């Protein structure tokens, strides 16, 4: 098996991979997650101040702030000064809400984790804001849609 | 519609609900998520130092630390001094890994968000540790399994 | 002079005052600040999504989150698990916006600093959101309006 | 009205503006705030270990540390690795204390928010250190004095 | 061997021990470390603004702030709302500086880690403040002097 | 005395030294600390899941995460986006454990503090994980082994 786990050092203990020699390049990653909930929950979110209402606003602020702190949460992630984050919320009635994050930076490592963290925390925030009416809500699948920049090449999810 | 979103104040703007009057009670929440990956990725994780190997160790530490910081990530969450967190990793060959978190506290609010945050960050950490070999990995469904304590009553997922 | 600075120890160096012996009591503090800006800036804020629009939403989330982290910012502040935070925004056309925060806890120390930090960070966030059109905006006076709970007695600003 | 709020995306929800294409340039910002207090409070601060005494030392450390964490507090602020921060405290007897912060970086965005955050947290720290003797103290006006670097041009307050 | 590592769960992975059932009691811990440096470095520290000068002031603030954040740094530490922290600096000419921290809380777990973290970060801060003149400075031994409260009984170092 | 403390400004108050004019260069620092414990404690650590067991895994994750947050802990440290961190644990039976950290970046300032912070927090984590069986454990000497990059020249400890 050609598999190589670059996060494991010779003794099997985790380390933060040395990227000192990598050049700074433009990086971008887009990730997405989906919330499945009761139809009346989605209605409440969308009318709770409307499509720009408070639930989604709060989730968006939380997602942006979490993207910036990804390296504090994910142990072996490099600290990256991200240059742009944008979240969008796409209702899919009657019972789904899709959250998508688009993250950019100029740096030595990709921003997949930042995009995935942004949608994850945004989704957790939606859950928190409406859990009083729908504890059964489910989050996922959370996944990377695309990634560009860096020597590992571009990635684009096919399905 | 009888729906009431307790996070919205009269003007529709978010607030942290006042729980000053609520008594301190024992609280517990269990949440779970599932990672779906390529079979060779799961093999690598499980043999990467074995079932106690580095990927899962790192994910577990990350999950515990994230549980403690939930209130910093989720805007309207109350700060809670949690009294116990335990994560377990359950491989479901050939291509799934289930992560479960059990969180406890004695306080005025529940710990659902802490349990959900713990499994979410643990899953993101697994993704980070092996993304070099499997960018297509998917996280979810992330969901609450059970909750006890507090006046809103107990919750136990049926399916 | 009977003045006593409880934050200074015998050698003049700062310390976090020991409150171990103090009882847990209900505490509340209300603080306020005012932003002065160009009339068209206030119009933009109020119509930028309306009175519940994005500037104020973002500022409110930022203020609540900052209140929770006050003890990380103010060196000698005690960590306090606050039980409630509410911010309100009161436009005073043509050129002023008042921000008020009401913070509650059950604990050994007051929450004046939490209320003052909440309005300060909310005001800085408003500045950040519109600075591209009004760098001359001014923040203040920032001040405590009232405080209750604790043995030092209640406080209510007279002017 | 030519007003454009660059923090609002097409649907009115906040985003972190993409600055990927902006060049790294030298940036500097100077901000200031003023505390108004009772004359005996100012005397206590200045003699509480002298003009270099503990209140001002603590406030200065707090201000520098807060400048570094500005992007954690202000939701749509970009993370910036600041290269220098300096705070100065200028007593204006009998009842005022001016705090000024000078912040520098080499980066894609300005450091106005870092300078404003530094003086705000330094002022809150002064308040915290002496609030036991003067709860009526007021903070402000907090304002930007000057800014240089970046394509939006230099700014210098006239009054 | 009767040794039992309470931080390891059945599968050898770390967890945050559940202390839900433990009563809240008064806790106190005192820790100490020693810096060994060149004599002229100690002179510089002591005269750099005098014995209350800037190096020690900064180190003290850093130590107090770090004590509050111990649970963010040490993965399996419980979050504890500490009620008091005091650091003292004891010069031992010609070449030593002792730092001692006294931490208190009312809670379910001890504050040994908080006291040890306070002196460690205070010492690192001293190093940072004077490293330009003495990179060879050494920190340690860092150790617990005493601990009281809790069912594991009191501890007092004998040597 | 030619001693110059670059962290003190003209009035003796601390500041974050301005490094705007310094070029970005490759930086590296290696630091080390030693834990002295009872022989049965070292045995427990080494067999507690084996040499790759849970105590050392947890300590390694904690050390890496702390390295990234050094600038949040040490007041006058510059925020640095570190590009690599690696920790190693070297048992010296019967009663010692050496921890070494190797940190790299490309930036304007050195990474001595990051390496020293990494080993300090890793050591505190080891203490926390086994303190139930050995409260007398001692940490130190903690010291810089080598440093390269930057105009102050290279450093290599001789003893």
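The chains carry the letters A, B, C, D, E and F, assigned in the order they are written, with residues numbered from 1 in each.
Everything below uses one rule, namely that contacts are C-beta pairs under 8 Å (C-beta built on N, C-alpha and C of every residue); 3 or more make two chains touch, one makes a residue touch a chain.
All of these numbers come straight from a predicted model, not from anything done at the bench.
Asker: Count how many hops through touching chains it takes, at the least, to reach chain D starting from chain B.
Answerer: Minimum number of steps from chain B to chain D: 2.
Asker: What are the mutual neighbours of chain A and chain F in this structure?
Answerer: Per touch definition, common to chain A and chain F: B, D.
Asker: Please report the minimal path length, in steps, between chain D and chain F on the chain touch graph.
Answerer: The fewest steps needed to get from chain D to chain F is 1.
Asker: Taking CA centroids for every chain, report which one is farthest away from chain B.
Answerer: Comparing chain centres, D lies farthest from chain B.
Asker: Between chain D and chain A, is it the same set of residue numbers doing the touching on each side, over half shared, or a different set?
Answerer: Mostly different residues: under half of the interface numbers shared.
Asker: If every chain is reduced to the average of its C-alpha atoms, which one ends up farthest from chain E?
Answerer: Centre of mass proxy via C-alpha means gives A as farthest from chain E.
Asker: Quote the value, from 0 to 180 degrees and to the nearest 5, of the angle by which the CA atoms of chain B must be rotated to coincide with those of chain C.
Answerer: Copies differ by a rotation of 120 degrees.
Asker: Compute the distance, rounded to whole Å, between the mean C-alpha positions of chain C and chain D.
Answerer: 16
Asker: On a C-alpha centroid basis, what's the spacing between chain A and chain E, in Å?
Answerer: Chain centres of chain A and chain E, defined by C-alpha means, are spaced 37 Å apart.
Asker: Taking each chain's centre as the mean position of its Cα atoms, how many Å separate chain A from chain C?
Answerer: Each chain's C-alpha centroid was found; their separation is 31 Å.
Asker: Mind pulling the residue numbers of chain F that touch at least two other chains?
Answerer: Within chain F, residues 12-14, 49, 52, 54, 57-58, 61-62, 65, 69, 75-76, 81 contact more than one other chain.
Asker: Got a list of which chains touch which?
Answerer: All chain pairs meeting the touch criterion are A-B, A-C, A-D, A-F, B-C, B-E, B-F, C-D, C-E, D-E, D-F, E-F.
Asker: So in the complex, which bits of chain C are touching chain B?
Answerer: 26, 51-52, 56-57, 60-61, 64-65, 67-69, 81-89, 104-106
Asker: Note which residues of chain E are touching chain B in the complex, please.
Answerer: Of all residues in chain E, those touching chain B are 9, 11-20, 71-72, 75-76, 78-81, 107-108.
Asker: Quick one: in the complex, what on chain E touches chain F?
Answerer: Result: residues 1, 3-8, 12-14, 33-34, 36, 40-41, 43-44, 48-49, 53-55, 57-58, 61-62, 65-66, 69, 73-77, 112-113, 116-117, 120-121, 123-125, 127-133, 135-144, 147, 152, 155, 157 of chain E touch chain F.
Asker: Which bits of chain B are touching chain F when the two form their complex?
Answerer: Touching chain F from chain B are residues 49, 52-54, 57-58, 61-62, 65.
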